[in-house]
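Here the chain labels run A, B, C, D, E and F in written order, and each chain numbers its own residues starting at 1.
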C-alpha cells in the first residue's frame, strides 16, 4: 500500500495530504473515524470525496443526496478543470487562513469552501443547458451554506471565501484567480436592467468582510476593498479603497488576497 | 383543459404564469418534473403550492411539515389578503430582479421571498392569539432562510427582499407597499425599552444591501438608503441617504424600489 | 409537587422561570405542548433541556442528535461553569431584548443564544484535547445557526448575541462578561499570520449590527461600536466609535451592553 | 363547544369517540399531547386525521408525506364510501379485539388497520386510472406495515386485520363485509396464469392466524379457517376447516368474525 | 485503562465481552468504527448502549429518538432488573444461535432481541401508569421490528426470539425464564372476551417457527411445540407436540430451548 | 438516441425493457416522473439503478444511503455475476407472477426482489472478508424488507421470492437456480450446533407460502413443498410434500417454480 500512497502523493499532493490528515484525525477522535472513512479514506480521488460530502449536505426532500451525488460526478467526469480548481481552492485556504491547520479542514468543515464548490457544479450545469437544475443548486447553496452565488457568474481558481455567510455574487460577476472574499461581501448589480451589470474582480484582489461592490466596475489586480466599505467605481490595481462610499486611501501590500490583512494603513 | 387554463389566466394570472412556467421547466429537466408536479402542477391554486413547498422547508423534528402545512392553509382560508400579497410579491420580484426570468422562480427558489411568505403566516398567527406558534415560525424562518422578521411587524404587499440572508426586521417595524430590501438589511431598534421603537418605511423606498436603519424613524416615500449605510434619523421622501452615519446626498429616481439601483449618483 | 417547585425556584430561579413559562405556553398552544414537555418539562435541570434541544438542531447525517446530546452532557457534567454561563446568558437576553417576554424564549427560539451555547460545548472540547470534534461543532453551528465562532475563542458570561446571523468570532478573540453583540458583527483578524490576532472586548461593551472589529485591539469597558462601523484600533472605555473607518464620536451611556441603544448621540 | 361536540356525536359517533379518547389520553400523558393534537384534535373530521397520520407513516425519500396526504384527501373527497368503511373498521376492531379499549387506538396504533386504510386509497387509485401510483402505495404498505394487499382486490367494510404482519391478499381476492383476518394470513393464487385466481371470502368469515387460503375458492358466510391451516377448496357457510390440507371439522359459532375464537371445538 | 477493563470484566462480563468484540470489529471494518464507538465504546454501561441504539431505531416523526432514549434510561434507572434480563437474553442468544459468534451481534443486529428489549421498556411503562406511552412503543416495535408484543405480557429472562418477524404475543401471556421462540410464532387468544386468555409458557420450552399457541393453556417446562403446529390444549412438561391441530408425538430433549432443535424425532 | 436504445436492447434486453417501461409509466403518472428518472432513466445501466434505489431504502442513521450505494457499486464492479443474477431474477418474477405486468415493477416495488438483491451484496462482502459489513446489511434487510437471509447462504439465479415478508434463510442454506419461494418460508436449522445444518434446495423447486424446511435436507429438483407444511426429511425430485409434518402426496408438474401453482392435486 505504501507504493500506492507514494504514487498518489506524486500526482495529486492535495489528495495525498487530505488522506494523511484524515488518518491522523481518525486515530485521534474515534467518534469521527466513521465520518473520515466515509468522506475521505473510502474514496480513491478527491472528486468522489467532494461529491459524497457536499451532496449529503445539499440533499433534502426535493432532491435526495444520492441523485445530487450523481450530478456532481457527471460534472467532474465531463470537466476535469473543476477538480483542478477545487485543489487550488484548498491550497488557497490552507495558505491564507491561519486557523486552518490541515488540508482536510476545508473539505470537511469550511462553509465558504463548500458553497464555492457546489457553485462550480451549478456553473457547469448552467453552461451545459441545464439551467433549471443550476438554479435548484443555487437555492440549496443559499439555504444550506448562506451564500447566494448565481450559477452564471464566472469564478477562477485559488479562491478563498472565508466564513461565507451572507456572501452574494451576481449573475454577470467575474472573479479571476487567486482572489479572497470574506463573509457578507456583496458583488452586486445596480438596477433592474439585465445585461452585464456586476463587478469584475481581478487577480489577487481582497474584498474584506461586509464590503459591497456594486455595478459593472473593475476591482483591479491585487486591490483591496476595506471591510464594510461600499465601492461604486473602478479601483485601480494595488490600491486600497475604504469607506461608505469608498475612497482610495493608499496602496496595498504585494498580494492582499494572500496576506488577508483587513487592516487599513493610513486610516 | 384549455378552457380551464384560460379561466385561471383571466382570474389569477400569476398562478397561470407559474403553471405555464412549471410545464416548460418540467419538459426541459426530467429530474425536476416530479418536484414541479408536486409543488405547482398538482395544486389548483397558488396558496396550496405555497403551503406545500414552504411547510416542507420549515418542517423539522419539533413540528413536522404536514402540521405546518395545515397551519398555512388555515391562515390562507381565514385571510384571503395573504394570497393577494403573495401574488403582488411575486410580480414585484419578477419585475425588479433581472436575474429572475419567470414567475415560477420566486416560488421555487428565492429565499427572501420564502422567508417573507412564512412571515405572513406567522404575522396572521400573532394577531389571532397564537403568539407561541408565531414565535416558533419566526425561529424556523431564521434557521432555514436566515431572515429574522418579528411576527408583529407590519409589512405591505409588492415587497421584494432580495437574497434575504441576514435581514432583520424588528417588532414594531412598518413597511408599506412596493418597498425593496436587500440582503443584510437591518430595520432595528435603539434600546431595551419596549414600545414603538422600529423604523417606518414608506411606499416605494429602497433599502440597499447591508444598510442599518435604527429606531422609530421614517424612511420617506421613494427614498433610498445606500448600501452599508446607517440611518438614525428620518429620511425625507425621494431623498438618498448614504454613509455611516448616513447623510442625505441628493434626490433619487422616481421609483427606487422598482429601479433597484444601488448606485449613488453624486458619490 | 409545590414543594419541589419552591425548592427549584430557590436554588435555580432561571430554570424555575423557564418551567413556569413552559407550563403557561403549553396551556395556551396545544400544538406545542409535546414540544414543551420534551424540551423543558420532561427534564429535571436546564442542562438536560439544552442538551436535548440543541443536539437535535445540530444532529445530521454525519453525527446524529443522540451522540451529540451525550457529548453535551459530558461537558456539562465535567464543567459546571458552563451551566452557570448559560443561566447568565438567559438572564442577559431577557433583560436586554424588549421583544423577549419570557425566560423560555431564548432557550426555545433564539438563534444567537443557541449558537453561543453550542460554542460553549465546542470550547470545552477544544481545551480538553478533542479539537477535531470541536471543529466539527463549529461547522454545524455555522451551518445551522449562521454564526461562525472559533472554539478556541474565550467568551465570558452574561453575553447576548442578538439575532446572530452572520456573526464571526475569530480564534484568539476574548469577550469578557456582560457584552452584547448584534447580527453580522465580525470580531476578525488582520492577516494570515497565526498568533494572537483578534479583538479583546472588555466587560459591558456593545458591538452594534454589522460592525467589524479587526485585529488584536481592545474595545474598552462599556465602550460602544456603532452599527456597520469598522474598528481597527483600540477604543477606550465608555467611548463610542462610529464610521468606516471608525472614529470616536463621544462617550456613551453607563452600560451600553444592557441598554442596547444602537443610536449614536452626536451623529 | 359542547353543542358542537353533541352535533359531532350525533352525526359521526366514531369521530366523536376518538376525540373524547384523545382528550383523555392527552390529559394523562403529556409527551403524547402534541401527537394527539396533531393527529386527532387539530382536525375537524376523521378523514383528515387518517390522511395526516398515515401519510406520515408512508412518506419517504421517493414520495414525501405531504404529497401522499394530498392524494389521500383527493380520494376521500371523491369517494365518501371510503370514510364510511374506515368508521366501520374502527368499530369492528373496537368490538372484536379485547386488548383494544378505545376507538382511538386503531387510528393511532394498529398496523393491520393502518395497512387496510392505506390499501383503500390504493384501491381507489387503481380504479381511477392511476395504477402506477396504486402500486407505489402497495409497496410502501408492504415496507412500512408488512401487509401486501394488491390494490385491485375488493374488500368490504367492518373488516378487522389483527396485528397484520405477513398478511398477503392477492389481486382478484374478494372479501365481503364483517370479515376478520389475523396475522400471516395468505389469500393467494394458484399459478402463474392471470385471471380470477384468488379466494372469495364471504360475510362474517374468520381466517385465523397463519392460514393459507389458495385459489379461486369460496370461504362461505360465517365460516372459520383454523390457524395455520391450508384451504384449497370451497368451505361451506358456518363450517370450520382445519389442517394441512384443511378438512371440515364441524360447524362454528353464529358469527366467527365477531367472536374471534381461534379455538377448534372437536379438535 | 486495563484496570478499568478488568473491573468491568469482573462485575459485568457481558458488557466486557461486548466492548472487546466492538474493539475487534472496529479494527476490522473502518466503515463501522464510528457506529461501534457511538453504540458501544462511547458508553460506560450496557444500558446506555441499549438506550442509544434502540431509541434511534424506534424514533420517528411522532416521537424523536432523544426523547425515547430518555424514557429508556428512566426505566433502566428505576428498575435494575431490566438490565439483568437484557444480559441474560444476550447470553441466551450467544449460547443458542450457532450463527451468532459474539456477544456484540445481538446488541447490534438481532431484530428479535431488539424487539424484546423495547418490549421490556414498554412493559415497565405499562405497570407504572403510563399505558398510552406503552402502547405507543408497542406500535413502534411492530412497525420497526415486525414483532407485536403486548406491553402487559409477562416475559422472563434468558429469552431468545430468533429472527423475530411476525411474532405475536398477547396481553395475558406469561413466558417464564429460558424460553426460546422462533419467527412467526403466535401466542394468541381465543375470542373477544377480555380476561386471562393467552398461553402460559413454562421454563425451558421451545416454540418452533410459525407455531400458533392459542388460548389460556400451558406449555409445560421444557416442552417443544413443532414448527407450523397449532396448539389449543395444555402440553405436559418435556413433551413434543406437532401438527394442525397439534398432537403429542413423544418426549423431547433435556432442554429444548437451549438445543434449538426444530426436528421432530418420531415424525 | 434510437440507435442507443437499439444497442441497449440487443446487449441488455432486461435493462432495455425497464427503461421502456419507465418511460411509459413516467408519461402516465407525473407524480412518479421524478422518481422514474432518478431510479431508472438517469442511469446508464441496471446495476446503477439497483444501487441507487436499494441503497436509499437501506440507508439510515447508522449508515447513510450514499455510503451504502458506494458499497453496492464496489460489489457490482468486482463481480459481474451479481448483475447477471439480478437480470435473471427480474425475468423470473416477470414470467412467474401474473400480477407483475412489466420488468420495471420488480426493480421499483417488489420487496422480495429487493431483499434478495441486497443479500447478493451482503453475500459478496461475506466472502470478501468484510463480514461485519455483511451482517450489518443482513440486519437492515430484515428491518426494511422483513426478510432474514444470512449472508453466507448460497443462492443461485432466476430466483423469485414472492411478497417476501417473514422469509428466513439460514447460514448454510444452498438454493440452486430457478427456485421460487413465497412469503413466510423458513429454510432453517435444527439445533445449536454449528456446521452444515440448513436445507439444500435444488433447481426448479417451489416452496409455498409459510412452509418450514428444517435441517440439512435436500429438496429435490422441481419438487414442491406445500403451503404451511413442515419438511424435516429429504424430498425426492418432482415430488410434492404436504402436511405438518410433511408427507409425499404425489408428483408435481414439470416445473413448479415456474408454474407457481400452490394447489395440491390429490389433497
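One rule holds in what follows: contacts are C-beta pairs under 8 Å (C-beta built on N, C-alpha and C of every residue); 3 or more make two chains touch, one makes a residue touch a chain.
The structure presented is a predicted model; accordingly, all values stated were derived computationally and were not measured.
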Task: Give a one-word verdict, same or different, on whether subunit B and subunit D use largely identical residue numbers at their interface, taking over half shared as same.
output: same
Message: Looking at B-D, D-F or A-E, which one is a repeat of the E-F interface (more than half the contact pairs shared)?
response: D-F
Query: How far is the middle of subunit A from the middle of subunit C, if each middle is the mean of its Cα atoms, in Å?
result: 28
- prompt: What whole-number Å value describes the gap between the mean CA coordinates of subunit B and subunit F?
  reply: 53
Task: For subunit E, write out the residues touching at least two other chains, lowest number first.
output: 31-32, 35, 38, 42, 56, 61, 64-65, 67, 146, 165-166, 184, 210, 228-229, 244
Query: For the complex, which residues does subunit D have touching subunit F?
result: 61-63, 67, 71, 130, 132-133, 135-136, 138-139, 142-143, 146, 148, 150, 165-166, 168, 170-171, 184, 186, 188-195, 197, 210-212, 214-215, 228-230, 232, 244-245
Field: Complex contacts: residues of subunit D adjacent to subunit E
entry: 25, 28-29, 31-32, 35, 56-57, 65, 95-99, 105, 108-111, 144-146, 163-166, 182-184, 208-210, 226-229, 242-244, 258-264, 267
Query: subunit A touches which residues of subunit F in the complex?
result: 38, 42-43, 52, 55-56, 64-67, 69-70
Message: Looking at the complex, which residues from subunit D come into contact with subunit C?
response: 26, 30-35, 37-38, 41-42
